[in-house]
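Here the chain labels run A, B, C and D in written order, and each chain numbers its own residues starting at 1.
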Amino acid sequence: MTDARVDTETHAHHGYISDKDKYLNRLKRIEGQARGIRGMVEDEKYCIDILTQISAMTSALEAVAVGLLDEHLRHCVMDAARLGGPEADAKITEATAAIARLVR
Amino acid sequence: MTDARVDTETHAHHGYISDKDKYLNRLKRIEGQARGIRGMVEDEKYCIDILTQISAMTSALEAVAVGLLDEHLRHCVMDAARLGGPEADAKITEATAAIARLVR
Amino acid sequence: MTDARVDTETHAHHGYISDKDKYLNRLKRIEGQARGIRGMVEDEKYCIDILTQISAMTSALEAVAVGLLDEHLRHCVMDAARLGGPEADAKITEATAAIARLVR
Amino acid sequence: MTDARVDTETHAHHGYISDKDKYLNRLKRIEGQARGIRGMVEDEKYCIDILTQISAMTSALEAVAVGLLDEHLRHCVMDAARLGGPEADAKITEATAAIARLVR
């Protein structure tokens, strides 16, 4: 949350990301990786080299996901835990579902 | 490249991708997903929603990888198999290493 | 363990698993899958069929992992969150590291 | 196929595994890991320690899968490639489907 805006939308400006610039930079780099891979396909580079780049990009993306999940647990879920009740339980269920999608 | 190999660059213009446009479109869409996810972090959208988008993007990327690997096996590896010898063996070793990186 | 902690061993009898029998049964089934796969290799069954069984076993194992992680977040991490302080932070760091190993 | 046996069963005794004992030993170890993890749940060991063991077991299983896939490509798929025709194509399609299940 960069400014003092009174949040009226749902799911917006949660302000839970402690190092937002780090994630923005990583995602910009991932976007560049996607563009680079597209260029490799365009130029018909050697398939195995393209796959190596895809593996690297997938790892970078997973690292972002794990980082964001850490922030989420540390802030949203912890806050809910301190309040307790069904809201806390619901937050865990939601987080577990997200983890299951990442683990597959 | 089965014909006239005037190719002087290493690993360039292999021409093994039978439906190049399909892959270029998919990768353009993946690039858009990366940009969208960056926008979500920028706007501090709800973390779980961002993670859902990252999972979708990872799946799209894995589908591209498996598709490219299929093309690679179908063309480069098959060609090498028909020629036989140590070259064929080396192609399999290389493909397996790429698969191991994807499977992790 | 919220009650009578006579526990003198480290990391033993944490009592956080709400449906222990479910996990024991699932793990017994996974053990049977491992044995079945070994039998398939012994009998030199068709490789693709063995790989299908390995994929099924991996999925079963991941489901157990996600289930145990859910229990862990719901009990240990929640308890730590309510207590707060560095202990709570350390629990999240530990959970995130475990998630990273699962996601890879 | 180590001997001249006329194979009458479908998908049996393919004899494509060059180092069968290595795979049998690895799978025996994986079975032991499954048994160990079940014991940890039975004894209610610390959840994070159980998850660490599950991650190790999943990695061991993936290594077996990649190894068997390598053997399969090296033998069955190569043989089909040398024969050529629709059979070769079908083998690649089948192998790719197996890889997709492993990559998820």
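Rule of thumb we're sticking to: a residue touches a chain if its C-beta (ideal position, glycine included) is under 8 Å from a C-beta of that chain, and two chains touch if they have at least 3 such contacts.
Every value quoted in this text rests on a predicted model; they were computed, and no experiment measured them.
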Touching subunit A and also subunit B, the following chains: none
Distance from the mean Cα position of subunit D to that of subunit B, given in whole angstrom: 23
Centroid spacing, where centroids are CA-atom means, of subunit B and subunit C in whole angstrom: 32
Residues of subunit D touching at least two other chains: 62, 65, 69, 95, 102, 104
Chain contact graph, described as a line, ring, star, complete graph or other shape: ring
Subunit D - residues contacting subunit B, complex: 62, 65-66, 69-70, 73-74, 77-78, 81-82, 84, 88-89, 92-93, 95-96, 99-100, 102-104
Parts of subunit C lying in touch with subunit D, wherever the complex brings them together: 11-17, 20, 23-24, 27-28, 30-31, 34-35, 37-38, 41-52, 54-55, 57-58, 61-62, 64-65, 68-69, 71-72, 76, 94-95, 98, 101-102
